[in-house]
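Paired with subunit B in one complex and with subunit C in the other, subunit A is shared by the two complexes that follow.
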Partner chain A sequence: MWRKILRLFFGPMVDEWESWRPAKRWSVVLRQVLTQLFLLAVLLAVLFPVLWILSMALDPRDISKPQDLRLIPPGASLESFRRVLFDPYRLLCTNPSDDSTCMTFIHLFWNSLQVSMGTALFSVVTGASAAYAFSRFRFIGRQAGMLGFIILLMLPAVATMVPLFTLLNAIKIGREPLRTTLLGLAIAYASGALPFAIWNLKGYFDTISKDLEEAALIDGAGPLQAFVRVVIPLSAPALAITMLFSFMTGWSEFLMAWLFLENPQRFTLAMALQSMRGQFATPWSTFSAFSILMSIPIVVLFYILQRYIVSGLAVGGVKG
Partner chain B sequence: MTAPAPPTRAKTTQQRRWQESLRAWVYIAPAGLIMLFITLLPQGYQIWMAFTDFRVQNLRFNILSPATWQDYAPPWIWFDNFVRIITSDMPIENYYFGRLLLFNVVWTISNVAFHVTLGVIIAMVLNGKYVLGRRFYRALYVIPWAMPPLIAAVTWHNMYDYRFGAVNLLLAQFNQVLGTSLPTDIRWMLEGTPPIGGLLQFLPLAYYCTLVANIWLGWPFMSVVATGALQAIPSEMYEAAEVDGASPWQRFWKITLPLIRPAMVPAIMLGSIWTFNQFNVIYFISQGGPLGRTEILVTQAYKLVLNHRLYGMAAAFSIVVFLILLVFTLVNNRVTQATEAYDVA
Partner chain C sequence: MNRYVSLAMIGVLMLGMALTACTPGEESLSGTVVLWHAWKESEIAGLNEVIAAFQAANPDVTVEVLYTPFDDLRNKFETSAATGSGPTVLIGASDWGEPMYQANLIVGLDDMITDELQNSIIESAWGGVTAGDGTIVGLPQTLKGVVLFRNTQIIPEAATTWDEFAAAAAAATAGDVVGADLEYGFFFSAAHLTACGGELMTANGDPAFNNEAGVCWIELLQSFEDVGPAEYYTDNDVDLFKAGQAGYVIDGTWNTSGLAEAIGAENLAIDLWPTYNGSHLSGYVQTENIYLSVNAVDADRDASWAFMEFFVSEEAQAILANPSGAAHIPVVSSVAVTDPLMQGALDAFAAQGTPFPVIAEMGAYWGPMDTALQSVFYEGADPATALETAYESVTAGIADIRGE
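Showing the complex of A and B:
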């Protein structure tokens, strides 16, 4: 009974402990203490900026900045969170004199969600298909194609912005250019996320044994069926991680969005955050509360998918 | 007597090869089309723009409607943009191409070196046999990576504020508790005199600050990759080495390092590309200052678009950035032999 509880905390060490001589016990304990000190120091460094932003969000003195270092500032309140969640954004209105035409957090959130989901779906669906071809088929132009994707990985997003602007401007959907729509933005982000998606998925597909597909083919499945029914389910970790990364791109990108979108009704969370940054007077409490609320979905997704991260990142699972 | 068998067999393999190629390209088509329209076509357009003096008034130019060609087509100026970029003859302040390039390379190498070293060390410590709270630490250590980079960068910028920032407040706290007298009013981003003289004179204090912030941001990725690779090493190898009397140091160099290398090399490639183009950290934390000395190529390109509206020149600049990155990656590739990792599987 006791041993069970101890094992829960200390793992396999419990069973070995009794067989150790005192000298060995001491060295294990000493080593554990040093390790813990090191890990705690790292933890402190990791958490410091997070705690700082949290304490600013709790500070009621919006513009004036803190004078000392405290986790819970005097007069701490959740007021700024309430303000961010429920008040209209006066900076982002179609008609500045009418509050009801201004954006709200929910509205911005919905726009961000649409763009990010669009980006994730576009890049994973098309990326998986292309990655499968690179992984399984020996075809004319394979090497060149692979090299091409790696080179595209190197193109900075900033580099494609101007030509993309003029290009998407020229394509009209109904009466407005594709550039000013969320769909246009999602496609633009997807093209940026695709090289990584293809690279990562190809690496993962390479690690899946071909025997299962061959068995499926013998059983009378077509190549497409073998791909959809056998390879895709086996690649859940890599697909999840690729989706997560593409989603993150869409969630926090604002440069392109800022350049492309015109109608405040379509603005995203990242753009609203950027619009809050004044040259001299950023409302820090509001800004911090907004940042925290905006980070939550990503952090939650990260934790849900955490067990996949190590295995789904094919950079690790390389085959010679 | 002729042998008819080989030619026909060759023909069928040839046919099968074409068939397989066709099928492969069908699979690639959706992604390929998106890339063609969203990445390659704009790149082609960009190459054309780079040879013109494309400015705000030319934005009305629409390649699809010939009616705009007459009035809005930008003038063709050959290599003028490129020459002016490389000879530092641009209408922006504090711009020297050589220094910009040097800084960008130093920035990338120093960052990635720290990311990899820290990432591997921490992954190894957490991978130790009896470490308590492993899952707890692993869960919290990915926070810098999970946080949207824009928010992380702005938070760090705020922390370096010279009057109200957390870093100066932390120094003040130190003074109070330990009785030291560290300066508490350092202007982290504006300080002109470099902290380290001599060869490193071109790196202002702001560089070290952005470096710290970007190390904070970048090490978890390397650590996760290293963890994956470490977990794949069978523990019997270490036990065997221990029996043979190998010291921990020898075990690290002879077992750990060679076995995590295949995973780390592509990660280093990827990390180098990301860091080379690390827009958020520079743009938000140091804003390129003081006097443009921490500017990197992408932030400079963005400023050309946003502040100066010199689209033609920005296009030329982007091509220069791309070419430099290509050379950088090829050299990097040569040094680390990354191709063997992602080449034919």
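Showing the complex of A and C:
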């Protein structure tokens, strides 16, 4: 019985236990205890904010922080979740005196999904094409181009906001500047996500043997077919991580969105969450409930892509 | 014959209608007002009511409204206005006015303000819209500021002196309840310099705190810790007050409705500041302003200016002063205030308020003063030395701002 329990913590070394000298036994026990304590502390540090947000979401008092460490606060209810999901957002209306013109969670969700998917697709498609060119072809400016992407990666996102604003403001769709549309926003996000996408995918493409493409070419495939039918399927882990990061950019960004968009009908979830942060007061319960609901799609996407993500993260940086 | 009479009457009627339409001064407004603001949800109904009243009087004017969070509003406006777009009218903080005017993003209003308009607004409110060169860059539309809130269930009577205040707070402290949880962050405490006969800066923005009055001020702030917990830009005091566990807190009038809702309006009071060494503590008084964008042109500009004038009219100010609506403290003296909390704030502003400096030099004070106060409160630095260090940093910052 005890051996089984100990094996849970110490693994197969329990079987060797009896052959060890007492000093070694204590050393192993101490090391394991310290490791477990450290991991427990890390676990607490990771989970504590999540539990705190959950507690605030259940707390009907709208206070900025719980007065004690009870996960279930007094009078706990799901009212804030109901408010978030079903009430109109009266700050985000085309006509503030008419509730039917106000945004709802579903509408915000749909806008966010469009922007995030647009950003992810644009980044993956453009990034993969560019990364393949940088990986396989030798051309003038190749090194300078890769260096340029590094510089773009180093720039804080805020630095590109005004140039993007000016650029997208100059392009009109009908009488409307591209800047004020969801398409414009997705393009702006993708421009920020592309440097990472290209670096990550190029690193991964470098690890795929050229022999595979040459075999496809000998079998009669064109260069595009070799890329689409051979390289892309083999690059699923890198594509997954690129897609996830780009999606997350589009999903959670609000600074650029608040700068660019002017029609409440196009506002996103992240913008709505930011709009709850008042100058002087914030409805913390609603804010927390909204945060939890907003994070669900990212969690789902992460779950779907998780088997690719670890290998995608590790392999992308192997070669430069 | 009858037919001629009828035709003549129709002719006279049409002529009359045409003449009426052409009467000078009766020209109806048209155009679009685009308003950007950062008001809370609880204020939106009041804003809608004002817009509806304006449109009832000006049916040909379209009003478009866009909410933007306060933290993003200024940047959004400045970026948009600089590229020739954005709203025609902006509601924003008083300290945005001068820099936006200097950047040629908003219009100076000197030529547009009539004597009647000038006289209708409380004189002290004009300070919040007057740039360093004396130009009026916006219209003040509400007063707000830092005041002393009291839970009358915990402390039934207002204190008039600091000693009475400290005694009442000590007497009320028991169990989970504290008599006072006072905020001493720089924004909330700078106006208390008046309690020591001092001031933060001179009229032109030069530092004036590095003296005995400044040391007295910091010692006064240190004594906040003797009457209960003290906060440096945290919400602990407000949370405690909302939970009915604090007798006094120092906070902005913008939180009045939240506090009233939490403990009941009948249990909430806004007191005059207690006296101290023959003077009194104080709080900053600010205005929130309405600005006219340089991109408002032609009919839109006329409509936008008319909207701004309407916003500070007695009718609109009365709507916005509704305590169950926007609950804005009016800037128009003829608006009757019936709400005791609003009246308490107005009394504190009028008798003891300190105007918040809206000049550019104020930007040089925030960092050094916060550092000075925190070094005294948390690191035990000597107040005089901390003020001397802050003085040097502020002076250097002001030189940068002035391009010296």
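Annotations
Here is the rule we use: the second predicted complex is superposed on the first by the 274 of 320 C-alpha atoms of A that agree within 3 Å, B and C clash if a C-alpha of one lies under 4 Å from a C-alpha of the other, contacts with A are read in each partner's own complex, and residues count from 1 in each chain.
The definition used in the following text is that contacts are C-beta pairs under 8 Å (C-beta built on N, C-alpha and C of every residue); 3 or more make two chains touch, one makes a residue touch a chain.
What you see is a predicted model; the values in this text were computed from it and never measured.
On the superposed subunit A, the two partners subunit B and subunit C do not both fit; they clash. By the touch criterion defined above, A:289 lies against neither subunit B nor subunit C after alignment on the C-alpha atoms of chain A. In the superposed model, A:92 makes contact with subunit C only, not with subunit B. In the superposed pair of complexes, A:125 makes contact with subunit B only, with no contact to subunit C.
By the touch criterion defined above, A:145 lies against subunit B but remains apart from subunit C after alignment on the C-alpha atoms of chain A.
By the touch criterion defined above, A:264 lies against subunit C but remains apart from subunit B after alignment on the C-alpha atoms of chain A. Contacts of A:255 after superposition on the shared chain: both subunit B and subunit C are touched. Of the two partners subunit B and subunit C, more subunit A residues are in touch with B.
Legend: residue contacts after superposition of the two complexes on their common chain; A:166 is shown touching both subunit B and subunit C.
Of the two partner chains placed by the overlay, neither subunit B nor subunit C lies in contact with A:185. Contacts of A:302 after superposition: subunit B is touched, whereas subunit C is not reached. Only one segment of subunit C in 75-83, 93-101, 165-173 or 183-191 runs into subunit B in the superposed model, and that segment is 75-83.
Overlaid on A, the two complexes show subunit B and subunit C touching the same residues of subunit A, namely 65, 67, 161-162, 166, 169, 255, 259, 274, 277. By the touch criterion stated above, subunit C contacts subunit A in their complex at residues 38, 40-41, 44, 47-48, 51-52, 65-72, 75-76, 79, 83, 85, 235, 238-239, 242-243, 252, 254-255, 258.
Chain contact summary for the complex, subunit A toward subunit B: residues 9-11, 13, 28, 31-32, 35-36, 38-39, 42-43, 45-50, 52-53, 56, 65-69, 122, 125-127, 129-130, 132-135, 137-143, 145-146, 150-164, 166-167, 169-170, 187-188, 190-192, 194-196, 198-199, 203, 206, 223, 248, 251-252, 254-255, 259, 270, 273-274, 277, 284, 287, 291, 294-295, 298-299, 302-303, 306, 309-311, 313, 315-320. For subunit A in complex with subunit C, the touching residues are 61, 63-65, 67, 90-92, 96-97, 161-162, 165-166, 169, 177, 255, 258-259, 262, 264, 274-275, 277-281. Of all residues in subunit B, only 17-18, 20-21, 23-25, 27-28, 30-32, 34-35, 37-39, 41-43, 45-46, 49, 59, 61-64, 122, 125-126, 128, 130-133, 137-152, 154-156, 158-159, 161, 163-164, 166, 169-170, 172-173, 216, 224-225, 227-229, 231-232, 262-263, 266-267, 270, 273, 277, 279, 297-298, 301-302, 305-306, 311, 314-315, 318-319, 321-322, 325-326, 329, 340-342, 344-345 touch subunit A in the complex they form.
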